[in-house]
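Naming follows writing order (A, B, C, D, E and F), and every chain is counted from residue 1.
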Amino acid sequence: MATKKFMYVNRKAPYGTVYALESLEVVLIAAAFEQEVTLAFVDDGVYQIIKNQKPKAIGMKNFSSTYKALGDYDIKQLYVERESLVERGLSEEDLMDITYEDEDDDWAEKSSLTIISRAEMTELMAAQDVTFSF
Amino acid sequence: MATKKFMYVNRKAPYGTVYALESLEVVLIAAAFEQEVTLAFVDDGVYQIIKNQKPKAIGMKNFSSTYKALGDYDIKQLYVERESLVERGLSEEDLMDITYEDEDDDWAEKSSLTIISRAEMTELMAAQDVTFSF
Amino acid sequence: MKYTLMVNEGPYQHQSADTAYQFAKAALAKGHEIFRVFFYHDGVNNGSRLSVPPKDDRLVQKQWSELAQQHGIDMVICIAAAQRRGLMDANEAKRQGLDADNIAPGFRISGLGQLIEGSIESDRTIVFGD
Amino acid sequence: MKYTLMVNEGPYQHQSADTAYQFAKAALAKGHEIFRVFFYHDGVNNGSRLSVPPKDDRLVQKQWSELAQQHGIDMVICIAAAQRRGLMDANEAKRQGLDADNIAPGFRISGLGQLIEGSIESDRTIVFGD
Amino acid sequence: MSMLHIVNKSPFERNALESCLGHASEGDAVLLIEDAVIGAVAGSKAATALMSALPTKAVYVLSEDLAARGIESSRLVQGLQVVDYSGFVDLTVQHDKTQSWL
Amino acid sequence: MSMLHIVNKSPFERNALESCLGHASEGDAVLLIEDAVIGAVAGSKAATALMSALPTKAVYVLSEDLAARGIESSRLVQGLQVVDYSGFVDLTVQHDKTQSWL
């Protein structure tokens, strides 16, 4: 099968709707298909990877640790839009540490998160073959 | 049973979601309960009563004529927010004629639609006992 | 206080059903009465007994059934909304010539009049939706 | 062209399912191929056979069944999303110890891999949602 | 006689909060729940609208929904009041009617 | 290589169109369907954003959704192109990928 560039665009906050959780479930399956996988966190989607999520009191499962496990699935291209953070009063420090081990660099632990501008996000979106929106 | 003031607030466009149609179904049932019934059309809700709706080509039922029948159910207080019309490039002339027959005035046909300002809508909302939002 | 709650979205897709459930629990804990929970629009899907989410997640539909049974809450699914979406009790399924039903224990199917009546009878009506 | 369509919302509540259906019909009329329709999130509720809307309205679920049968379209319901929402075929119902199923003809239940595979195999992937 | 307005949508995604604040009367209360709580963060694009409302309306934020989304109460716009579900119930008692901005 | 962006939400209710226009590249196309078509009416609050996009992006509106909502094509912002479902399909052929702004 041909290799395509898949992008998963996450624009919604977690817990208010199921899209964040079920988007992640698609990503985990997609990892098995040896396609190029990129995750974009734009607009309210930046809240999906915020630190210290504690949804127990609203009766929901905390799935935020799954983002930290994405490196084990060889998914390490997570792009976060800077403007989306700023508009929400957030900064890079508010995001979880999401890392992968670089096999080409003696398994050094490196960040999977890259903060980019809206202009850079625009270019990244244009470079995809298949875009799933959640 | 006590008489309460019921308001049905319609803020969404028709056809894109089912809320407009199913809101109307509640209103028709409510008419049998001899409570005070007021309908508010605010934000995209003003499109629910726009003229010339033709949803056949999207495979949907045209339920807009039901609004015209509300007078027969003794529902004649339909309030439309002027600012909501203006923001959408619409005016009163774009709305359907929705009328009732006034039994206190020799069954003269009168408009059920009243265009009011946002400030007046605010007062009207504050005067209700039960508010259903669609 | 006596409450009628209206739930307009289905389980999982939106938080509305969870919020309504948490609100009901909190109100009951303070000694208030939930006179009726009325499920409308996609909210009717809260009443399905065929749901089996992952074991580490809540079962929204079952939470409602248990709450109803523990506190004797009247949980009404709108018949018109349910027909569109395929939520049936045994009677309705038979009447429509269908070969199965899927309603969960503690729910009953009835008309929209139950919503209006609930709001007339209750001190407060709270709407939970999208 | 070969298409995979993804449908993320249930019937009636949102127009998405209607739009996807109209798009599929238009694409087929122009000689294109619909390789697969994948139903995710509340979209799984498009596959219920228990729906009975008013007689003057369309039956969204049945439109899909008929389209699939007329054109041999592969219509796949995501198993994980279906389990949360109570959409079951006979096998799944049995496996889960449930006493009923509600899947409509022309649909099959399978995994998320079918979505990715469909997108790899197809020239275009179009997402319909809320 | 006052209204409790309930807003559950992110003000960055939807117009619900804006419309609510445009239609709430003096002395009413506004409660932010579910995704709406992310609008309560100081420095956000929604903060200004909330601050303008504060002189005439009380604004509450649901603590359980803040916690789910990792937001400490120290991050909120000054003057907002944090309540839990029990406080949510109390608000529906104190105000004799409610309006949900769906 | 160009993208067809599909927007189905009212720009008065949601941020989907705004976010789409902020992320679409030169030469891309934007198609308004479902409730998004009400943003195409001239003189509306959304018209300015669409007009700013027109020099670098083609903007299409689905005729069936316009008709459903009672909007004549004479009411639309100048420069928008009306297509039917058959034209929608053609757009997905002409552009080698699509992105839906949900």
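As a working rule, contacts are C-beta pairs under 8 Å (C-beta built on N, C-alpha and C of every residue); 3 or more make two chains touch, one makes a residue touch a chain.
Given the structure is predicted, the values throughout are model-derived calculations rather than measurements.
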| item | value |
| --- | --- |
| Labels of chains that are neighbours to chain C and to chain F | A, B, D, E |
| Most remote chain, CA-based centroid, reference being chain A | B |
| Interface residue overlap between copies chain C and chain D, same or different (over half shared) | same |
| Far-end chain from chain C, centres as C-alpha averages | F |
| Comparison of B-D and A-E (more C-beta pairs in contact) | A-E |
| Distance between the centres, which are taken as Cα means, of chain D and chain A, whole angstrom | 27 |
| Whole-Å gap between the CA centroids of chain C and chain E | 26 |
| Rounded Å distance, chain A centre to chain C centre (Cα mean) | 34 |
| For chain A, residues contacting two or more additional chains | 11, 15-19, 43, 58, 60, 130-131, 133 |
| Contacts with two or more other chains, residues of chain D listed in rising order | 12-13, 15, 19, 22, 41, 57, 80, 84, 125, 127, 129 |
| Multi-partner residues of chain E (at least 2 other chains) | 8, 12-13, 15, 34-35, 64, 97-98, 100, 102 |
| Interchain pairs in contact, sorted by label | A-C, A-D, A-E, A-F, B-C, B-D, B-E, B-F, C-D, C-E, D-F, E-F |
| Chain D residues within the chain F interface of the complex | 1, 3, 8, 15-16, 19, 22-23, 25-27, 29-30, 32, 124-130 |
| Touching residues (chain side chain B, partner chain C) in the complex | 1-2, 4, 6, 18-19, 22, 25-26, 29-30, 32-33, 35, 130-133 |
| Parts of chain F lying in touch with chain B, wherever the complex brings them together | 8-10, 12-13, 34-35, 38, 41-45, 47, 63-65, 67-72, 75 |
| Touching residues (chain side chain F, partner chain E) in the complex | 12-15 |
| Interface residues, chain F side, partner chain D - complex | 6, 8, 33-35, 64, 85-86, 88-90, 92-93, 96-98, 100, 102 |
